[in-house]
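Paired with chain B in one complex and with chain C in the other, chain A is shared by the two complexes that follow.
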Partner chain A sequence: MTELVYGVTWEDFVPTAPIVVLLAAALTAVLADAFTPRRKHDRPAPGDDSSPAAFVQVAPYITLGGVLAAALLVISLWSESRLAAQHSLALGPFSMLTSLVVLGATGLAGAWAAGYLPRSAVQTGEYHALLLCAACGGLTVCAANDLITLFLGVELLSLSVYALVGIDRGKLLGAEASMKYFILGAFSSGFLLYGMALIYGGSGGTIYLSELAEGRFATNLTLAGGGLLLIGMLFKVGAVPFHAWLPDAYDGAPAGVTGFMSAAVKAAGFAAMLRVLASFGRAAGLGDAAAAAPLATLGEIWPEIIYFVAALSIIIGNVAALTQTNPRRLLAYSAIAHTGYALIGVVAFGRLLKGMQGYAASSVDGSAADWIGSGDGATDALAAATFYLVTYAAMSLGAFAVLVSVARRGEDVESVDDLAGLGRRRPLAAAAMTLFMVSLIGLPPTAGFMGKLWLLQTAVDAGLIGLVVLALVATVVSVYYYLRMVVVMYMAPALDQPHAPGTTAPSWGQSLAIAAASAAVLLLGLLPSGAFAIAREGAESLLLRP
Partner chain B sequence: MEFPLLTVVTFLPMAGALLIAFMRREEESAIKGASLFVSIITFCVSIVLLLRFDASAAGEYQLIDAAAWVPELGIGYRLGVDGLALPLVLLTTLLTPVALLASWRSVDHRVKEFQIAMLVLETGVIGVFLATDLLLFYVFWELVLVPMFLIIGIWGGERRIYASVKFFIYTMAGSVLMFAGILYLYVHVPGGEQASFDLATIIGARGLLGETEQLWLFAAFAIAFAIKVPMWPLHTWLPDAHVQAPTAGSVVLAAVLLKMGAYGFLRLAIPLFPAAAVVAAPIMVGLGVIGIVYGALMALAQDDMKKLVAYSSVSHLGFVVIGIFSLNEAGVTGAIYQMVNHGFSTGALFLCVGMLYERRHTKAMADYGGIAKVTPAFAIVFLVVTMSSIAVPGTNGFVGEFMILLGTFTRCRIAVAISVVAVVLGAAYMLWMYQRICLGPITHPENRRLRDLDGREWACLLPMIVFIFLMGLFPGPFLETMAPAARAICDDPDLAGAWAGGLGT
Partner chain C sequence: MESYAPLALFAVLLIVMPTSMIVLSRLLGPRRETEVKGDPYECGVPTWMGARNRFSVHFYLVAILFILFDLETVFLIPWAIVYKSIGAVALVEMGFFLAVLGLALVYVWRRRGLEWE
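On to the complex of A and B.
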């Protein structure tokens, strides 16, 4: 453990460049919005399809530019495992991969705003600024090494998203959803903060996960703190029984925002959860047996709790989705179900962690090298969960990109049945939607299949046959509601009303978003090796490397 | 590097589908022409495959194409062909152009999507027959699902949505069980560092499985395949799917897709879990016999031609199942033979029914009668196909059924006795259908103006008739290819105890 050097140097700032760039882009969006004469991009009259003001057309480029620059910086600065910025950031393949998911979601959400926002009468400048702020928060969460930085990231992300959910001020449902999400979210932030405080007190004053991972400071207070932290994070990812906010927030928000939430908020939440659990696991394995005992106890308990959380999420998510008619609400319950699938990887990780040699609770005499040497299975589970999130982000973003692209005249699609005839009106969008639904079901040759394959394989390895069978049975149930979209698009008689969704051409940004998501879904499904390797390196750097 | 013949056969249709995706949707005849052209080229390539195939070593994989696909998870891209896969691949490549030709006029909307779906379907089916890696097999297996779902659901009849969703969910329910089994095998056999989805590797290490494990895994695979075959009592999706599907869909479904289930038994379930297969064999034969009788009785009761043919499929595939689970060379060879036979005879029956439907837009037998006088050519072809379905000596059906019954006779005489009764029932429902459609007085004046077969329809039916007689009169060359493959399956030492003290011996 190197001592911290007080006094900030230039080197401390360099690794924060991606976050700074996003912040700069956010400020640019705000300022550009503020200095554009007001009247030009005010809410257009209903039915006014005249070309929007210059700023509205430029704004997506600001977001895309910022995201692209941030992504390049992430790839160049964050790929190597190290602590940076006064140990408040832990960089490496894991941070890089999860950050790229957040950036991808931001980029797509920025792109599909072109042609979507003016019609929904949403304030363009605010949308893009909030989106970029949320991305800042997301990146901070993905890379945070100390609990304060983590909390700041979570709050920046959450506050931006609360506002985004209610951004369509004319819409009552949006305001309600935003309020609900805010109140419940603030509550869960309380859990997070209280957990952090207990860990801080219990560990004798450290907030650095990298130090906690050495297992020198654990006490029973750490155990309680860890539990509270876990609850806070389960809330953020929308796992049952902390999921009540999710359907309302997804439903009330404009489809463009919901798509961003489903990918970015979930990825960031899982990134934080995996990092914290990996730190605790490492501490329990490597730490001094007496000091790490509370963490070992925690390590005994949490997989069993998450086992039920995962099972309930899968069951409730899939069953509730069966009866939904609103596509956003349907995808909301599907998001809960997919959270459950991803949690299977987390449970498998916990189980395999317990099985590692020299684990403090079971045997005291194992050496650090033994422990690290036996970590293949646990690393795989961690990596599989990470990879699953990447695949879920791609397919969910794709589905929302299609929903955004068929929205018309400031109205999102409110019923699955309204998609009738889309196969005729917009064959490419319908084909893409079919691809995303097939991927969400988890059929080859798509990303969803590869994600599930790896995830369930590690679960079988961990002996979780029950959860695997549950997940597979749930998959069959999910066929019904995912296929309904396909059935409606291609087989139901078309509605010939003039305002049917998808009667207008998509904007360049929406086409780009659909194309990018389709490419990602196919690429991850057919050639997943590269992403596998990064996910595995990331998991190794979290768990096994010093 | 050798020319990757198997890869080309498998992915040529997919490549054609991609090409068609870029064609303009208005140019319907160009799209139809292109897809027919692609499927015929695929057939020609498969003929090259036949010529390069060494029949003397038909029990082993040949012309292997292997590459790493996802090495991190031990997934390999491995294709190979043996005497079991070869006839089925040829059946697929022959019947796809026939089905496309048959739907030339009847599919008149969304032509582009239809052609793409048919070609993707062909790639999926050929891939299933050629894959020698468990996961690759599963990928192709599932790849078949979506295009078939769309074919039934978009171009089908009145209740097409119900039928297509039922088809999808039924098949999916089976295949997720198989998926769980595949994952279990991957993790536990041979496991650890050598974990791989390679079929040969897993079969080589199957001894690591305990008896109970084998039984569970066999059940997981067998249910997936039994749904696909379909075996009684998991057959209920089939009549719905067949009745609602468009002609091309029915032809491909009956002739090729159902074979995937029987093929799965022979390629995976039995070689992977021989001991469990031995235990399950009496049950499977029992279910097969029930299927034979049940299918025949149900077929007797139908008024709808397509439904009758669908139930006759259940009956015929019951024969295939008892042949497979006789677990001896004669029975398994007969089962493979019967799989191909059924492809031609039932495929041709669906073509005939489809042709009648195109003319009169009704599938009820009561709406026909006496049409032999109006359309003599059709009546003759239909008679040949009916004879083949009944398995009259001289047609292909006879050879297959005879071998199956021969193989089963050494195992279980009761099963044979019951099945033979069902053969009579089979003759009854088929001839009765023929009589109600073609013979007697013309009861409906509309039928007096029916067109006889035109050139396109002859082109569809002629290959079927040629093969019906070829396989019926000269079974030798066909059996030479299939028998070694059947022997390779049955020579498994773990199958040696098969049926010891079994039923009726």
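On to the complex of A and C.
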């Protein structure tokens, strides 16, 4: 390979292909919107932002095409475990799986826009372009190995989503939500950046997570930096006590955007958090014990912190969801609760890792393979958390796909009670919604059940009986608000109103989104072994990679 | 520890200087409250409107576009300085950056964002 400059070769650019393809699709969406001829009489006055009808028809195909191409590239280029692009990307099964979740969310959000956007005042070109830009950021976060790349990805994802939340410019609530999300998000980016700065300073100038893991850079500054980094990422995934932005942002955004956020932003945030925590864990386990002492301290502390974060998220998410009448707000609190469940896996990972650290310290030449061999439990916990994210993304996307498909005249469903009679008007959509609610509760034969089962199993292995009991009690509580939606759909008398939700036929994209999410929920529930295996390989690669 | 001595000195200065400035100006400065002093913005011209007026959203668009192309220049200057040592790759990379930025301009143009009516 010919060197271009400073050791960079063309080969370094190859692994970025999925991200570049998404960017190209985003630019295509923007330009196609601008250059689609408008008919004379609907030539817009300045300030009028409606997209030409011809473009509205093709826009979802641009997003779907871009996502499909990116997914194929991710599968072919990112599956092998290695560092790429001058060590700024860490590829492997973990990056692949989390990236596919982000791409799945983007694809569904692109598909259900067909027939949804034109009815609302949302700008079609900008919606698709921002969606694809957010996916670029999401993929970057999922694969980032150095802190700068990670930050770039987080910001690209967040900035696109801030704009998406307020994309329905006619809605005051959307603008307010967008503003709140932006200000709090910028604040949390400050934490993230300050943490990165401290790690950079404390480690004597490394920004590579894979190098940090060697432990020889551990100082007290890195410890403080790691803590700040953790706060930034807990904010992005919406864990209590950093959750205040989440209900307002989910509620104020159009349902189509909320669905994307609940899957893509959460998956990317968790991917970053798991990667950073795994690298700290590896640092404490593999490095020279004395040099790694501050990181080992971090390894001691963070499971205890996240223990409470997880417990609070589960309690507050479930209790607050009980009284919600707006389905988006209800699902927002449910998202907080599910963040809590997934964090149980993270706590279990941390606890089991502590056991491994003892092992590494006692063995004379604790090589990586021995270390991993001793820590099947920790790998399982990491894999369980990853798998839970995949299942949550599938069921949450499904629930939002149904909400999008029943939106009347571009008006989102604002009250659960408005869904009355949906069982008769749209039997398939109602059946799908029931499936997603059952999965969100965590009953077989759905994805939610398998996810929770594996998660709680590893939690028991880690001795987290308290959290397991809490999760089970919370699950029983959650039955009330999830099944209330089902009860209303099938049993409440239909309100006699001319524009009730679900009176219009769903578009092809919405049917596709509901069908895809249903298939994913059932498949992950009945035949989980394939995704299980990838999640486990991913966890191994996170812990083992040099 | 000795290496922290300048930092400590700096911290002391950081606290002493501003506090002394604030306290001294409060103690020594003459205070004459007049109507003009109460104005939110003084520039020598009599104020003639409330501060909370609405103005055209076009100003924001122009401001954003200005920042966009201003930042482009910010990136171009260091690029121009190291250009010779990097060579053709730098040209390609900057070309890519400018092309993406140019597309944004084309979009705004096509969507009639530059027309002032």
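Here is the rule we use: the second predicted complex is superposed on the first by the 507 of 546 C-alpha atoms of A that agree within 3 Å, B and C clash if a C-alpha of one lies under 4 Å from a C-alpha of the other, contacts with A are read in each partner's own complex, and residues count from 1 in each chain.
Please note the rule applied: a contact is a pair of C-beta atoms (placed from the backbone, for glycine too) under 8 Å apart; a residue touches a chain by one contact, two chains touch by 3 or more.
As the structure is a computational prediction, the values presented were derived from the model and not from experiment.
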Larger contact residue set on chain A - chain B or chain C: B
Contacts of A:175 with chain B and chain C, given as first, second, both or neither: neither
Touching partner for A:480 - first (chain B), second (chain C), both, neither: first
A:31 touches, of chain B and chain C: first, second, both or neither? second
Touching partner for A:491 - first (chain B), second (chain C), both, neither: first
Which of chain B and chain C A:453 touches, first, second, both or neither: first
Chain B versus chain C as contact partner of A:301, first or second or both or neither: neither
Residues of chain C defined as touching chain A within the complex: 57, 86-87, 89-90, 100, 103-104, 106-107, 110-113, 115, 117
Interface residues, chain A side, partner chain B - complex: 423-424, 427, 434, 438, 441, 443-445, 449-450, 453-454, 456-457, 460-461, 465, 468-469, 472-473, 475-476, 479-480, 483, 486-487, 490-492, 528-529, 532-533, 536
Complex contact set, residues of chain A against chain C: 4-6, 8, 27, 30-31, 33-35, 44-47, 49
Sites on chain B touched by chain A in the complex: 25, 70-73, 110, 113, 135, 138-139, 142-143, 145-146, 149-150, 153-154, 160-161, 164-165, 168-169, 172-173, 176-177, 179-180, 183-184, 186-187
